[in-house]
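For reference, the structure discussed in these notes is given below.
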Amino acid sequence: MLLAILVLPLLAAGALWSVPAVIGDRLAAAYGSVISGLVLVGSVLLWPQNGGWFAYGPQDEPRTEIDVAWIPSLGVRFHLGVDSISVPLIVLTALLTFLCCLYSLKITPRIGRTRSLIALLLVIETGVIGTFSALDLVLFFVCFEIVLIPMWLVIDIWGDHHDPAGRKRAANTFVLMTVFGSALMLLGFLLVQRVAGTLDIVELTSSPVRGGHGIPLVAALLIAVGLAVKVPLWPLHIWLPDAHAKAPTVGSVLLAGVLLKLGTYGMIRILVPVLPDATATIAPYLGAFSTVAIVAGSLACLAQTDVKRLIAYSSVGHMGFIGLGISTLSPAGLRGALFANIAHGLITGLLFFLAGAIKDRHDTSDLRTIGRALYARLPRIAALLTFACLASLGLPGLAGFWGEMLVLLGAYHPAPWLPRTTFLVFMVIAGLGTVLTAAYFLRLVRNLCQGDPAENPPAAFAVDLSRIELVTWAPLITLTVLLGVWPGLLLQQWGAL
Amino acid sequence: MIATVWRVAGVGFSLLILLFAALLYGATPDQYAFMNSQVGDLTIGFAVRTDDLTVLLLAVVGVIATCVQVYSLGYLHQRPASYHALVALFTAAMVTVVISDSLFFLLIGWEVMGACSYLLIGHYWERRDARSGAVKAFLMTRFADVGFLFGIFVLGLGAHTFRISEIDPARISPGVLTTGTLLLLVGVVGKSAQVPLQTWLPDAMPGPSPVSALIHAATMVAAGVFLIARLYTVFSASETTLTVLAIVACVTMLFAALCASAAIEVKRVLAWSTVSQLAIMFSALSLGTADGRHAALFHLVTHAAFKGLLFLCAGVLLHQVGSAALVVLRRYTRRGKSRKALQVTFLTMTVGLAALAGVPGFAGFFSKDTVIEAAWEQAHDGSAVGWVVLLSVCLTAALTAFYCVRLWLWTFFRTPALAGGIGAFEDGDAAADLDEPDSSKLRDAPWVMLAPLVLLAVAAIALGYADGVHLNWVIGLISTALVLLGALPAYSLWRRGADPRPLLLEREFGADPAYHGLVVVPVRWLAKLTVAGDRDVIGAYVRAVGRTGTLASQGFRRMQTGNVQTYLTAAVIGVVALAVLAGVIGS
Amino acid sequence: MTTALFSVASVVAVVASVVVVVSRRIVHAALWLVLALGAVAGCFGALQAEFVALVQILVYVGAIVVLVLFALMLTKAPTNPLPELTTRRSPFAAVVAAVLALILGTGVVLAFGNEKVKPVTDGSATTIGTQIFKNWVLPFEVLSVLLLAALIGAIALSQRSDSAQRSDSAQRKKED
Amino acid sequence: MPLVLPLLLAVVLFCIGVYGVLARRNVITMLMSFELMLNAVNLNLVAFDAWRVDEATGQTLAIFVITLAAAEIGLGLAIVLLLFRGHGHVDADAARDLEEAS
Amino acid sequence: MTLTWTDWQAIAVPLVLAIGAVAVLLVDSFWRSASAELRHTVVTLLTSVVILFGLVFVWAHRDDFKPAFCRPAVEGPAQCSLVFEPLTAGLWAVLLIGGLGVVGLSAYRLLAADVPIGEYHFLLLSALTGATVLAGARDLATLVIALEVVSLPSFAMVALRRDRRGSEGAMKAFLVSVLSTAVMLFGVSYLYGVTGSLYLSTIANRLTGLDPDLARVAFAAGLFVIVGFAFKIAAVPFHAWLPDTYVGAPVEVTTFLAVVSKSAGVAGLLVLVTSGIAPDGSQLQTVIAILAAVTMTVGNLAALRQVEAVRLLAWSSIGQVGFLLAPLAVDNAQAVVGYLAAYVVVTLGAFGAVAVVQRHRPAGLLTDYRGMVRSEPGLAAALIFFLVVLAGLPPGLAGLFTKFAAFQAVIDGHLGWLAIVMAVNVMIGLAVYLRWIAELFRLPADDPFSVDIETPAVTMISLCTAVAAVLSVLPSIMFALAT
């Protein structure tokens, strides 16, 4: 099943490219929807039958689907498998891709060429699912990189049509920074291999590389920096606002909803279990940078004038929470990070959909140009935006809360070998960060949705929520509420983390 | 259509709450946990419970919510669907807080209330003051809730459970207990708008009046009192927390009462009075005795009735007159016009103000006396807290009487000293009073609005006797004297047409500008700094790398002169350099 | 005796080579090259490598220098002195060469300063022929490929291509 | 005879050759300088051979080098003639058609 | 010494190549009656057959170990001039595949019209002969002469169009090459002086345990020899001739230089290093590492702003050489050969695509490729694939894994700083290729490139794509070449 959902989109993308361009954009989107829908079904079938199966230790094996030698001379294996950490993320990926394809049925970037866009989305899906299911460090690296070129194309071709130079720069910065980071990560992997003699994650997890200094520390640092670029952690986040702001709607959704998770997933999957001692050494610094990210991201949001950039910066803050959760190395913190991963994917995906919808209607994402009083002009979209903002600022009862809460709980009670006082300081600062988060989202709502309708004439052709938008966004809204009121849905999966 | 559905649903939901309260009345206390999940060695999940406190609060919430929903049918014509839905959600959130037995479940209700209050205060989002008031309300309570969340962590981890019924103060180390309760107290202070987080509540007044009634009478602000009552065993186990609570409460009640005395808008007066009255409840709770808790809850219930009533009355004024500012209302007082036109409103508001002021016979009188009595007993036992509470409650009682009478007189009665009356609220515009407003269309509100008023007015009287009258006559006399002490100056000032408002009070002790200068401005600066830093520091590095690459590229291109002998020279130099370099690196 | 002979030859060789690289007349340089190569052949002789010396004279002086002279004529090199026969970088080049010489010379003196050579006669054609055909067959064979390839390459380059001829004639016509 | 004598001569010849290659503009004179360098190599080989007193390996290689030089100069002159045909001169310094456009 | 059967077997491939070269020349010269097309076809076929024979031979004997031209040594193992072993087989396979690819690219209608066909193929086969001998050579004399056999015909080929640009390019390459030969020979002479032998194995034996003064000379000698090779493979700072020559030569010859000539140089250097001329931890390894670092950085940086396709490929091939040198510095033959294999295949493909475009748009600017994804999707897809392999990013897994192997080798060789430099260069390299890829996707201002592509080009490019794709899916093939 796993292999099927990996290969299916890839083959489908190939097929889509090989057919001549005569097939219409609608048909291509429908085709993409069907394929990604199948993948979604498949990924849901991966969902564990009974909870609490997870291999962070030697006691349980992850559900391995495939394990064959790939390049024996380099010690690389083609080893795929899933466990409760990866399955929710895979489902999230499949869901968001499906929704993006569905969205493309009606709403596509102005540049056109939807056929290629759909194909690229499918390739991205393969890469991301591959990363989430890779159990070999090199395979992880490979899948990690698969995503880059398609995403680069998506930003470079379908990006903001007002600013060709800007979107090119954004795409290049994105891809180059990530590649540099992942090259460093690869170095870290190789150091791990030199010490441990294997690249297999399962083996490495059951017999981790001990020692918090010397080569393990260097390896951990390299891996952490590589993943931090992807996360992205302050101060390596500089690629993110541009990339998100310039990307087309579906690109932003996937970028924020899925791609950012690769970094945090890598930390949880590789850094923490494989290099436990070295990770403990760097954890306070990771936590510090994450905390700075939370505050800096929120502060930057407060001064943004572009709605997509604002949401992008908000991702910096949210990913900071996830980083902080990981750095606590505690059960609560790690679970919080995992939960926040999913929640952020749903909520920020929704936010970018909404921002895209607003941008499409006004042909700009600049707050001042869009004007205010969206409540009057686009009441439904504005209401959904408010909802998404509330969810994103971590309102209890919605999905965003539990991740942040568990992260803070983890910071209150970090792993015993970490300096507790430091993490208490992080917790307090992060807590204040949540207030700042609320502040900028309220500012967004205030500047965008509220205001005197008389002074803000409605844009021409501005139609409120269309049917396709409702259909694509409904699952995200539903899941946001569902996970908000029933966090156990996910938390129960991570039995013995 | 949708609006109608939500209207019906709103009213129905409130009635449902009442029904539940009725059903649960007298039932044995019970708890039920659900949807739990294990996180490490902690259990995170939900739980509900029923006990007397739940039933009491459910009843209060149910009644007030029903009144508000019904009242809103007549009051609100703008965007009713979202309004009714949000009020229902608001109520539901309060119900969640009330029935919850899990700290996290409670937190959900607690913060959803914050969000709903934000949305409802910003209901008239066209208005600037509504927008900023809403944001302010949310952010201040959010800030406090961070403390609340940390308090949950401290207490929960200290007690190894997040179930309220399982938290046993005896098993928590004192330090943790104090820290936890103090942090929880931060949340309570924020939610109930106590000093120093008081400024959001008066600014929340641009919201629709029924919402104000809901917030002030039954939901949001009362949640703080409820929470301490719910966790009373825990709070009373920590001496420090109680002392802090007492200090906060005493400062707040005086502070707010003073502010109320200088406010020139009906709703703002009422808002400050709420703060003050809540502080009285907190002061009762801070005594740490069962009597104190009882007194606080009693006051909570009566306060719910008369404060809900007062806000709904203010709503009528707003609805029928168009404004609740004293200067506007003044114009309708000629020949008792407003009294006659708004007869029911006048009467019920009189009842409400009397109850608030603690006029003997009205509910507020009894409940306040219970508080004083509890404080007295405590003070009698030699507790300093008791004395402080006693004194400040007494002082507050007098102040309350003062601003109630002031409000009543200035709203409904024409001052004998006419010119001074004008000058009291509107400087120098003598013609304003002569400009007779068109009061011919002024008539009382429709029955859907009046019925809740009457109901609540009855309650504002009757609830005083619901607890069984066991009045300490001494205290009763003293408090009556205090009421008089407060009422007489107000009357005398009114007679003279003077309304002295010290600048300090009118500016509400300058808390708002101070917060603005201390928090908002620096944060804005920091935000600008961050963006500039991103652009000019971090971004500059990235750009510099790119630029360096380009420059280097151009440089290498420049070196490619096409002259083969340059190449050869470079190569030979390279040989020499390599020899030297390898020697250096190798050794 | 051999030392003296060698010294004389080497002095001649150095002087002649210096003239080769500084002379302003290209043809003179070529002729000085003959002298330098001859002197080196003398050095070989002094080192008892007679076969190498002979081959040196035959191949270099007899063939290569003649080739060079032909090339000079074909490229219409003037026989009068030219002011710009060296580049402007020549002082720099001299410094580079001097530094290189210094480094290498020091290294050589340090390494082989105390060694003596006692030349014995093993440089006869027989010895070398035996060597080549006994031990160095492969390089010898490859060398033959090299010579052939160089030859064919030189011929191929010297031929005029059809299109070049055509364009040349066209150009000439235009000039007329 | 001290070994350094031929070795130093070789060094000097080699460096004179290097100077010639770097400083002379005419390609043919550059080729002449190359010949000087190769002669330096041969001197080294023969000297080391004499010092080592082995089976004339060095001299054999010297013969090879001479042949190699012949092959090189042959092809080189062909290229020079071609250059002359195209450019009208044999100035290494001035053949700069292929420089990178800036 | 007499030639044994083993000797013949070991040199069978070079021998056949040499004979084939002569045969090709004869056929072309003495069959003047046939039309040019026919002669071209026959010559191409003949050349291909010869090379294919070599490939088959290598495949059949891939696991053999055949020392040839040996003589017993005074100490240590026998001294041999040429050894056929798995490493040799791997290198030969790479070289022959490269040669075959160039032949395919030069097939009828692609080669510039004024290049003499017979001589061209003769020179090509001669150079291949030299390259194969070079990869198997185990003594310095053979090594140096074989290297010349690779170089001189290549320069002749550069000038074979006999025009202004070609001659200038050839002149530059030639001058640099001659200087490098002189330098290398100077080094060889010292190596001989210090160790008294020309056989690599003996030299490696005697190099250990020299006294410091001699060791210094030996270091200089080794440095000179390595520098000689560095000239040939255009490692910075000995690279400057390369862009000019690449641009001056016909595209097919440029391909030959980039594929065969360069691989031969790398093979020679690899032979030197694996034979122990630069023992572990010696300063010579540091020299190679420095060369690698400088080469990849300068190559990639300079490629960053190029506007011509060939020049970009030229600079990027310098960058790739840096990556090749990195595992070479730590004596990891497997990584080098694997890298070389992937490099050869995709370079062939990329130059093939460039040849097609250049034929119709002689300027060869990157902007000429604008909009090709739309107008020539097949060619564009192939080109993108090649570039991505060169950049080392998925889907070009062949490039990714060879880079990975290089990283692994460097890390295992404890050269952390070099690994970091390589990581930086992966980024710069990607920036280089992305510029080109972006052009392919950009919507054209005027008419986009669209032609009927010549059949041999289609065949060649499809073959390269197929091979690169196979190598991407099963990268172990590449790494099996040298084990």
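Labels for the chains are A, B, C, D and E, by order of writing; each one numbers its residues from 1.
Throughout what follows, a contact is a pair of C-beta atoms (placed from the backbone, for glycine too) under 8 Å apart; a residue touches a chain by one contact, two chains touch by 3 or more.
Here is each chain with its UniProt name: D = NADH-quinone oxidoreductase subunit K.
Nothing here was measured: the structure is a model prediction, and the numbers come from that model.
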item: Neighbouring chains shared between subunit D and subunit E, ordered by label; value: B, C
item: Relative to subunit C, chain with the most remote C-alpha centre; value: B
item: Relative to subunit D, chain with the most remote C-alpha centre; value: B
item: Pair of chains joined by more contacts [C-beta pairs], B-D or A-E; value: A-E
item: Gap in Å, rounded to a whole number, between the CA centres of subunit B and subunit A; value: 37
item: Separation of subunit A from subunit C, taking each centre as the mean of its C-alpha atoms, in whole Å; value: 69
item: Centre-to-centre distance between subunit C and subunit B (centres being mean Cα positions), rounded to whole Å; value: 100
item: Intercentroid distance (Cα basis), subunit E paired with subunit B, Å; value: 78
item: Touching two or more other chains - residues of subunit E; value: 141, 145, 148, 152, 155-156, 159, 162-163, 171-172, 175, 179, 183, 193, 220, 243-244, 306, 431
item: Interface hub residues of subunit D, defined as touching at least two other chains; value: 7, 14, 17-18, 21-23, 25, 31, 47, 51, 57, 60, 64, 68, 71-72, 75, 78-80, 82, 92-93, 95, 97-100
item: Residue numbers of subunit B (touch at least two other chains); value: 554, 557, 560, 562, 564-566, 568-569, 572-573, 575, 579
item: Chains that touch, pairwise; value: A-B, A-E, B-C, B-D, B-E, C-D, C-E, D-E
item: Residue ranges of subunit D in contact with subunit E within the complex; value: 7, 10, 14, 17, 21, 27, 30-31, 34, 37-38, 40-41, 44-45, 47-48, 51-52, 54, 57-58, 60-61, 64-65, 68, 71-72, 75-76, 78-80, 82-83, 85-87, 92, 95, 97-101
item: Footprint of subunit D on subunit E - complex, ascending; value: 140-141, 144-145, 148, 152, 155-156, 159, 162-172, 174-175, 178-179, 181-183, 185-186, 188-190, 192-193, 196-198, 243-245, 247-248, 306-307, 311
item: Parts of subunit C lying in touch with subunit B, wherever the complex brings them together; value: 87, 89, 92-93, 96, 99-100, 103
item: Residues of subunit C that touch subunit E when the two form their complex; value: 103-104, 107-108, 110-112, 134-139, 142-143, 145-146, 148-150, 152-157, 159-164
item: Sites on subunit E touched by subunit B in the complex; value: 171-172, 175-176, 179-180, 183, 219-220, 223-224, 227, 231, 236-238, 240-241, 243-244, 282-284, 286-287, 290-291, 298, 301-306, 428, 431
